[in-house]
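The next block holds one structure in the form of structure tokens; read it before the comments.
The chains carry the letters A, B, C and D, assigned in the order they are written, with residues numbered from 1 in each.
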């Protein structure tokens, strides 16, 4: 068992998977000599060489489209999109091509690619370096979407993503890269895609979160615990497939559900969670299904005053918990 | 008062707006000499000439990106995307540019463009000519999203869209083009974006729909009416901004809510509607908030057996109403 | 198998035997026969939609004759009937797609007709958004290079599609990495109704090759034989590690864009008549007859055999069952297996 | 305003007076002074982020001198400090963006530094995803053409960005419609850490112009004066309705990509030293001095005046208030007006 930062865990997992399977390649902007703008691929270029660690041109549609083709001819590409904000030039390739290859060919072709992308705000990234983009992808059948929150989960989930036979989007919150450390077992474990974790057991309110928001929810749960409110925090980890069992079991137990996400509120991923709970746990609820999310403005503003205003914080979560507890 | 098909209403509205405002232009693939693949722009080329009715190259990102720039320099572009399925190459321009121009420039620049696109299934269009794509856009602050269901509304809403100072996506269900007729007043009316319509008043169950699904919901409501179930059908018409008032008033009255949409279920627009109802009308509900939507497969399959399986139908809606009524 | 006892010498300059020439003729004619059948079925109301490649077949057969079937890769688009035939798809395969039956090897009836694909024949599944496929072909070529398989990937699209951003990105990538990749633009002068003058800033798309450090070759798609040598050279270059090639074939679209289109709305009678002179099939036939490679008897034999195959394929495909509702949820993900197989 | 009494004749060949040359020098030097100040502020911890254009200023001032301020349009990217200055943005404007203050005219502190824009000066708001702006510039040019305004739209980006699909689509459209449009690629040999050899299939991006039926011109961005004539010709062509021009300026990136980058990870000391010889500022200075356009006194006066402006801008900007939370929801849509204005 070793202690690792979030990004160290990712970096080592990439190296490990590349050692394990010669069909894996890494491609993206600045992933080679520079080792990625966040250094997630640092060292891979030196170890695996420029044919397996490809510094691509500044063209995201190409990064994904070439990955799709390479996968059809026997490789297992791990693409990096430098910031999740810049994934949209590749949206057509992801939605119309990667996600549909298997269904449209009636299983003749698959698309085993992993697309990693740093996401999220609170890092002075402004409108175009702060986005949470998961909702655009969780709506697409044929894709899997993963958002880890700990170094341990990042490793187990990234292994599963790379070994999965379908396209997986793997979103890493930039703020976690260096701020979070945790134990990472030495053994070759995987975490199945589609399994949530009960990050903290509790009895009175379920808080559903993922990524950075899991940490904030845990902080908030600690705060209100002192006030006598027992919170269960569910870390979804995998947004598609979603672990309905763990989610619904918790809500049926507590009867109250707060969903926290950093993305813009309207039409965000939390809407689907709310809709599922409303449909499948209605009889167990004794309070409105509540969402706490980013405001509906086009991106996180740069100035720190406005950025703080935008971001969901542990304090805001604690407040929302208190309100719901008093329902 | 004249009777018009859905597409006639759109065509005449385009012509009328072009006569009214010389800054309007129409651009897209085949919109000129051919008059559009559905003939929505038929006659415009002859009347307004090739400088105002532009047959563009087969490049959607260009169609939207050029519209953004043209709008910045005084034009009011009405872009056609031939099928909603092909809007994704322009996704980056719509999300990162059109939707953000005003916010990011602190109101120095706006983006008064309208993007029309035929959407929807049940027309033997298979995976790539049948999609409902609204959920990808309703999540984006800065955009407006409109889905009319009648010739009357198509006219009033399209006028508002074209005259609006912000980017509006205007989705037209292909199946309505020639199958629906209705009265269209001669006067210059507009329908404000953000106002839903009570398409049919009722007391026991609220069915929320838009586009083709409004018609199917009305059919289903007729069917169950004979069985003594009184259904109120809300036609949202504008998905963003959403008319929360009309929606919540209806649900608070009936206490039961069925949301119908054609798009894939998971993460679709109906999830947001369900989430809002769950949050803001919880105390009035006496039944699960229910969604009836397309299955979670990557697109509508071509073969008619599979296509029928995919599509939400009046019969399926009637069944869902019966189940919810019996809750 | 020329009728004259002595070899005709027609293909000598380009390295094709009379037997190969006859084989190529057979394919052009077969592609045409299948294509015409599709339109007949559509007019008769037996299939709701047709999109096809009449006028494009000559270029495709000429070019594809340079590739190695069962080894190289095709990434097709909706006009690639002839290309798919050269790589081993059968008339039955194509008609099954046309009728969208459960046994359709391209998609099990899930996709629109014309969206071919076959893992068995290294033909990647076609989708509808134009031009996306060029990046897949570049990726296949990248994998071929990294894995050292000696394969070449060839992809096709119309001149209209070639203006899409994906084309720029793919050619740039292929150029940087000298990929074993061949890009074929089938320039028929129209993107549905939009004429070349409004979709393309240049007359010859192939001039763009220079912007990616690769040769750009223009061939007359009405001249089947003329299409072969540049393709053979492109394949040689690709296998030798010398990089990619851009081939523009000037072709003609003999039919409307698809069965949903009426081309008389935007093309004059005069133009349509003139364009028929650019049909590769009669020209190739005349060329082979003049050289003595083809005579009445062989021509009739080929026509009869093609007709037999098309009849067989039509009858077979029309009689096959539709996919059933219980399969509709399969293969969204790899783990979605049919219940039977899982039991 | 040359010091010698007689005109130097230096700009005669290209049609620039000594006064204009001094004005251009002033702008290059001012852009540099602002840029250096930003880095100083960053190193001192007073601003968290810098992205800037050291090494690119010469090309920009040379090129922009051919455009008409207050009439033509600029669609900038994050290295366009010098271009924005030539069109009327002030040092205060630029520093307000750097400090992200409420009165920042580019975005009211909402965007990252370096994302300039000004409706008053026909400078379209900059965003971060590279290359998208080229389509906006083409759209502005289209509107200029249709409305008959006689305006020209110029846009800029790096050679890395120029590989994006949007560039292909924009150039094709501009080429088809002979738009009054000028495309400037500032080729500094790197896209962050990726060297030209891995981002570009060709050495000279401008060769791609031929694929869009427009002239492609390569200029040495270290030679300020040399950048002017091709730009003047591009503007002349544009106003005469002759169409678009593609200009590639070979420049050098004197700093790291941004304050978040460490270029020594991927560029050698030797390379960095050699590149400093391609700095346009000392070269232009020497050229003007040699010609007698500039002397010690004038040079000192300009330096002092620029410093004064930069000091003033820094002090002003740093002292301005941050945007307040009550403005955060404004301007998502046109109808989102401040409460006061609405009352």
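We take it that contacts are C-beta pairs under 8 Å (C-beta built on N, C-alpha and C of every residue); 3 or more make two chains touch, one makes a residue touch a chain.
The structure presented is a predicted model; accordingly, all values stated were derived computationally and were not measured.
Two chain pairs, A-C and B-C, are compared here, and A-C has more C-beta pairs in contact (counted per touch definition above). Comparing mean CA positions across the assembly, the chain most remote from chain A is C.
The distance from the centre of chain A to the centre of chain B, with each centre set as the mean of the Cα atoms, comes to 30 Å.
Inter-chain spacing, taken between the CA centroids of chain B and chain D, is 41 Å. In this assembly, the C-alpha centroid of chain B lies 37 Å from the C-alpha centroid of chain C.
Looking at chain C, residues 107, 110-111, 115, 127-129, 163-166, 169, 172-173, 176, 198-200, 332 sit in touch with two or more other chains. The set of chain B residues touching two or more other chains comprises 56-57, 59, 61, 85, 88-89, 92, 96, 100, 103-104, 127-128, 141-142, 296-298. Of all residues in chain A, only 25, 51-52, 56-57, 59, 61-62, 64-75, 77, 89, 92-93, 96-97, 100-110, 141-142, 144, 164-166 touch chain C in the complex they form.
Those residues of chain B lying in contact with chain A across their complex are 85, 88-89, 91-92, 95-96, 99-100, 103-104, 127-128, 135-136, 138-142, 240, 264, 266-272, 274-275, 277-280, 282-283, 285, 287-291, 296-299.
Of all the residues in chain C, the ones that touch chain A in their complex are 73, 75, 104-108, 110-111, 115, 117-119, 124-125, 127-129, 132, 134-144, 146-147, 149, 151, 153, 165-166, 169-170, 172-173, 176, 330-334.
Chain C meets chain B in the complex at residues 48-49, 100-101, 107, 109-113, 115, 127-130, 160-161, 163-166, 191-194, 198-200, 260-261, 265-266, 322-325, 327-329, 332. For chain D in complex with chain C, the touching residues are 163-169, 171-176, 197-202, 207-208, 210-214.
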